[in-house]
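Next come two complexes, and both contain chain A; in the first it sits with chain B, in the second with chain C.
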Partner chain A sequence: MQNVKSKMHNFNVKFKNFIFLFLILNFTFLIFNLTGCGGGAGQGDRIQPAVTINAWHWMTDRDDAFAELAARYEKKTGVKVKFELYAPSDSYTQKVRAAAQAGTLPDIFGLLGEKRDFASFVIAGHVANLDSEMLRDNAAWKNKFFSRAIAVNEFLPDNEFKVEPGVYGVPLDVMNIQMLYNKKLLKDAGIKRPPKTWDEFLAMGEKFKESGVQGLVSGWGEMWMIDCFASNYAFNIMGEEKVMKTIKGEIPYTDPEWIAVFNLFKEMADNNILYNGIVTMVNKTAEQLFANERAAFAFNGSWCVNVYAGMNPDLDYGVMFPPAKGDFLMKAWGGAGSSFLVNGRSLFKQETIDFLRWLSDDEQQAYLAEVTKNLPANKDCITKLTPVLASFAKAMEDTTHPNIWPVHEFPLVIEAFDKGIQAIIIGEKSPAEIAVEVQKVKEKELNKRRQY
Partner chain B sequence: MDINLKHIIIRRTKLSFIYVLLSIVALTCVFPLLWMLGSSLKTQSTVFSDPSLIPASPEWNNYYLAWTKGEFGVYFLNSVFYTTAVVFGIIIISSLAAYGFSRLKFPGSNILFHMFLAAMMIPLPGSFVPLYVLVNNIRKVLLEFLTAISPFLIKIFPAHFVQQSIAFIQHQAFPRTAYVFCMINVGLSLSIYILKTFFDKMPGALEDAARIDGCNKLGIWRHVALPLARPALAVITIFNALNVWNEYILAQLILSSKETMPLQRGLIVFQGMHVTDYPLLMAGMTMTAIPIIIIYLIFQKHIIKGITAGAVVG
Partner chain C sequence: MNGKLKSTLINYLFVLPAVLIFAIFYIYPFLKVFQLSMVEWDGILPTMQFIGLDNFKEIMQDKIWWDSMWHAGYITLIALTFQNGLALLLALVCDREIKGRNFFRVLFFVPPILSEVVVGLVWQWILDGNYGILNNLLSSIGLHSLVHNWLSDPKTALTCIAIVHSWKGFGWGFIIMLAGLQTIPRQLYEAARVDGAGSWQMFSKVTLPLMIPVFSMVVILTILGSMQVFVLIIAMVGQGLVYHTTVPVLRILGAMTGSSRFGYACAQGIIFGLILIIISFTQKKFSEKIKQA
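Now for the complex of A and B:
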């Protein structure tokens, strides 16, 4: 019992010390903040300028650039713009959704997700229609952007979401997906220039084998990238109209031209063009391999410029459109970049629009491109870009994206399509077999739609 | 002699096997930490090309860059504040509640206790939106109240001071307090459960002795139950400290300016949409992990005792 009492006494002393320390710590913290020593904590709140625009974003690599541009804008106009970064993108999305429900969205925010989510925000009145501003002075503002960049922020008349037609977002940057080649590795393999046709591309496989160089690397374990590559060639081999007719269900996937698309993957696998293990590879790994000069070609998006600069600043590479196989215009996936939306209930709506107009101007867009190495949405500043970024930018008008297609393929068909291509690459099934399988899924889905 | 030798050989073989197994497990635990440490001393290009654990020419500057670029100073202080406030709150509230559930007989105590247990099953993301809406509504009410009383306050204090104080409450004090309360709420269920199990096994004679010495119920909790629950309190402290120190999702939802954010906010600076600055990220993570490792080392002797609590209490 004596021992217990002594323990209790010790504990009481420690408990008192703990409470004392706790109070001291919190008091110090309070004083620290009240006196404004906390790294400027709350200082911005004390001397409020006439207008303060609040902006939320998720783009970690652009946070410093936004802060710098906000400082420039404040100096120029006296309007304070406060950017707050919330990342990663999943938790940013949660924050935006919660704020929408509570009615506390900031003046500027971005939306991540599908077009139907975008539409639901517009219908709920959270996003301002910018059409009148975009179309003013002969659409001067709208015409500054790549058409694809506007398309992802635009709802056309009679859209399936029943949203009032108009432009609802200001694009910041764009992206497109092309092929990249390592100049040194091509030279090592005895190849003088990148391929212009599909046959030239396949013929390189033999030279890669002789010189021990691996061919094409890409994140085809993430199936959307396979879809993207196949879509390029579907447009190239059969043309946009036939692709859309297939999605509508008017042309089957067993059509010889679709089998030709599937066959491209077999040809690449047979001709030693593909990197070993490409079907299970995530894009991050593919980026590391290309940056470390382990593969001669990569199929990747324009964001890779930033990635490769970080991984290997000395990497000497060029950008090319995938080598053509058919006679139709090849269209790469692109357009969907980051955009800012204006809160439909913002107290400073006009000031916010004015800021975004300034942000999307040539000088600011060129600055963002220089600092972040992303493709700017403003097409007028293309001359101010680095050669590699400029190569990506030049292809912007030859891009497309499933989000802007008038019809959309069933998710299960897309899955069967992409998995089928993986099976072709590993030699499990033939292109004709996959075409039949995909068509079966398509018919099943079409039947379901007819029933309901 | 032969039997003894055989016995020794079997025992040593068994022990060797156990040690090898434990060493492998320990290595798998330590390796990520070593990798983190090694990567924090490399450059962005060597982190992908240099396979060695510790680079030949370590980049110690990464720690300075991580601290300054990630603005760890403010975040560090914020995290220390949130962790101490939440852990303190949880210890006080959960020990009072657990003591009540264990020792006070009142109608519905079982139902109430099981409701607390059921709360453990609700995943945190499920409560995000309601929590945010609740916090925001309270903020609105508070702001309306402050706006209403500000004319009176201005008569007593200088207008500038009143304005500053309201701004401070709105942007600093309220979000911080709201976050602390939310995190206390998150940690309560498990803590009450652990402490109640502990108090259930506390001998009644100790309470009787304290009562004879003139203690009321609160006195027994303060002078008898709490000191005896030290191992359980250590477990609660370490579990909750870890939880708060590493928490970021709720902080991001409730806190609206970066000056109020915890340490984890500093780390996301190095994780871009497409590019991650691994050396600085690893340097930041190393700095973030050190305090929590120290807390763990301080409390580790109590942890096993606390987890297996209840064998003998008192």
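Now for the complex of A and C:
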């Protein structure tokens, strides 16, 4: 009996020692993993012997084309490029921000946002400066692109964000936002040609009412589309210089010319030009309505050519600049399409740059333009476009975009501006009231900037 | 190492993984939110600027924030009354021996398991001002004066959202209340009937008092769920109809991803969390008092 007890005691001691050792090992393993010492977090393919470039994007319509181009590149060079799609764009943006904070960004990624966000990514070291590559061989690579497309990815000397000057992204495609008109619906409403002036445009409202046709659709439930429209007319009514002075805080939003910009939306609402429910409409719905011939006009970007072709291949429509109201040159919102950035901490930085250089070559850009019906960023590929896409391409030189402006408006002012326009459209507030409200937000933000 | 110390260490080691996970995934983020609420930071830049309680001061003066709180409160109020009233009514019906009650139990639980995005888009289509079923129905029965764009009118947009939210959520209350009703001993009803109690007396003197703990739980779940609604709103009205459909979670999301104000968003999150805690505790105390009475 004594012998059995002794054996039991020995077993207990051994078992406890085993458990102790087991827990110590587990604990070490846990710490090792949690601290990331195991390596490979976020860029799990680093330990693979062959080069694998990871790329994240949000472009659902281009995913198959990217996969095809990646396969071609691997066949040609042996370098594997893995494209991962994260959609919709809001989710993609959140993923990129979270990855930046965690230090797990892929080798290639794109940024959706304002220039100040782009600047923050650069300052934090998440984006590589491509200037030396772009300027090599008499700037051969840089000169391939539309100047507007490069400008969006460029920080000039003495920029307000204090970013080291240079080009920080490779443009993939360009876009601009214009007005589209349905030829059949205009004819049905007894309108012979698209409007050339603002007054002609407003006068069409009566004809739309008589014929039961709805006017303009656009994704004005997404704030930025309202901003595009208003910005076009701000340039047209007061000129670029005055717009920039307003952003600098030298001219108030209560200026009569700004009130005139706000008033355009009231005029459209009062003259039956706007589609019923446009203020909460997302752009996808607006695209469906225009493609299904439920609205005579659409305010949409050049990407719509692909979208409409998918929704209604027989849609007969034309492209036009929004009808002018003022005396200054109307500038369309555009230039910025999608761009790819190189992770500043990528282990395969040179290989990544080489791939992007190949991707922006004529052959690949022509393939992307043909398959996805987007305007290529490479200006040498612009010749083989459909008539509608060519109309968009023609307007590229008359485009502008906040990301190429020397000064940038505060996000809260933009929000107050866009929400204010919604309030005007639904008849809740007058243009003058909105101008006062926007100016109040502007002054508050200016004071805050002085304080911090 | 003596045996007792070793044994103590082993005990601690057993607990350690759980403590570590709790600390890393709960305590650290919680403290980090407090730290971030006192800085001006865009979420990306390597530097943060300490600004003390300025974010909290700004929230106190932020009219849009407090309006959004009122909107969430309005949605919650409709959910507490309409949603839970409907849930109780249907639970009472399904608690009886009626034909096909299992079918109804399944049917009433379908809306909660549907995706909020799907529900939002389907209702957006129903409420559409141009081609919506609701307007067609109103026209066909001669109520032309009521036909309008429900989601683009500030007078109706938030109420529509609240009703759709209630429609989607009543199934949870229904299931919990039905489970609660089934725990009430049938003998109590029989005894009440023997004593001459009618249907209303049985409901008010037997069912209601015994259901108070269930009501309490349903009310807390409704408040927490309704105050935090936002996916449905995005699906129905995009980024919103001016500020008429804005709720606190959308403001927090907007501050974080739209305006790149991480610190302000964290401060909003803390204030919102505190308000929810206060509401929950008040409601709990209130329920306890009713129960004691």
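The rule we apply is simple: the second predicted complex is superposed on the first by the 295 of 452 C-alpha atoms of A that agree within 3 Å, B and C clash if a C-alpha of one lies under 4 Å from a C-alpha of the other, contacts with A are read in each partner's own complex, and residues count from 1 in each chain.
Just so it is clear, contacts are C-beta pairs under 8 Å (C-beta built on N, C-alpha and C of every residue); 3 or more make two chains touch, one makes a residue touch a chain.
Note that the coordinates shown come from a computational prediction; the quantities given were computed from them, not determined experimentally.
Engineer: Is A:Pro313 touching the first partner chain B, the second partner chain C, both, or neither of them?
Structural biologist: After superposing on A, A:Pro313 lies in contact with chain B but is clear of chain C.
Engineer: Looking at A:Thr280, would you say it contacts chain B, chain C, both, or neither? Reply first, second, both or neither.
Structural biologist: Second partner only, chain C.
Engineer: Which partner does A:Gln101 contact after superposing on A: first (chain B), second (chain C), both, neither?
Structural biologist: Touch partners of A:Gln101: chain B and chain C.
Engineer: Quick one: classify A:Pro88 as touching chain B (first), chain C (second), both or neither.
Structural biologist: First partner only.
Engineer: For A:Gly221, select first, second, both or neither according to whether it touches chain B, chain C, the two together, or no partner.
Structural biologist: In the superposition, A:Gly221 contacts chain C only.
Engineer: According to the stated criteria, A:Arg116 is in contact with first (chain B), second (chain C), both, or neither; which is it?
Structural biologist: The answer is second: A:Arg116 touches chain C but not chain B.
Engineer: With both complexes superposed on chain A, which partner does A:Glu415 reach: first (chain B), second (chain C), both or neither?
Structural biologist: second
Engineer: In the superposed view, which residues of chain A touch chain B and also chain C?
Structural biologist: 26, 34, 94, 97, 101
Engineer: Any idea which chain B residues touch chain A in the complex?
Structural biologist: For chain B paired with chain A, touching residues are 44-45, 48-49, 71, 73-74, 77, 80-81, 84-85, 88, 125, 128-129, 132-133, 136-137, 163-164, 167-168, 170-172, 206, 209, 223-224, 226-228, 230, 248-249, 252-253, 256-260, 268-275, 277, 314.
Engineer: Hey, which residues of chain C end up touching chain A in the complex?
Structural biologist: Checking each residue of chain C against chain A gives 6-7, 9-10, 13-14, 16-17, 20, 24, 40, 42-46, 49, 51, 128-130, 149, 151-154, 157, 236-243, 254, 257-261.
Engineer: Can you check the complex and tell me which residues of chain A touch chain B?
Structural biologist: 1, 4, 7-8, 10-12, 15, 22, 25-26, 29, 32-34, 38-42, 45-46, 48, 58-61, 63, 84-89, 91-92, 94-95, 97-99, 101-102, 104, 288, 291-292, 303-304, 306-307, 310-313
Engineer: Give every residue of chain A touching chain C within the complex, in rising order.
Structural biologist: Touch list, chain A to chain C: 16, 19-20, 23-24, 26-27, 30, 34, 90, 93-94, 97, 100-101, 113-114, 116-117, 120-121, 123-126, 214, 219, 221-223, 275-282, 294, 411-412, 415, 419, 422-423, 426, 428, 452.
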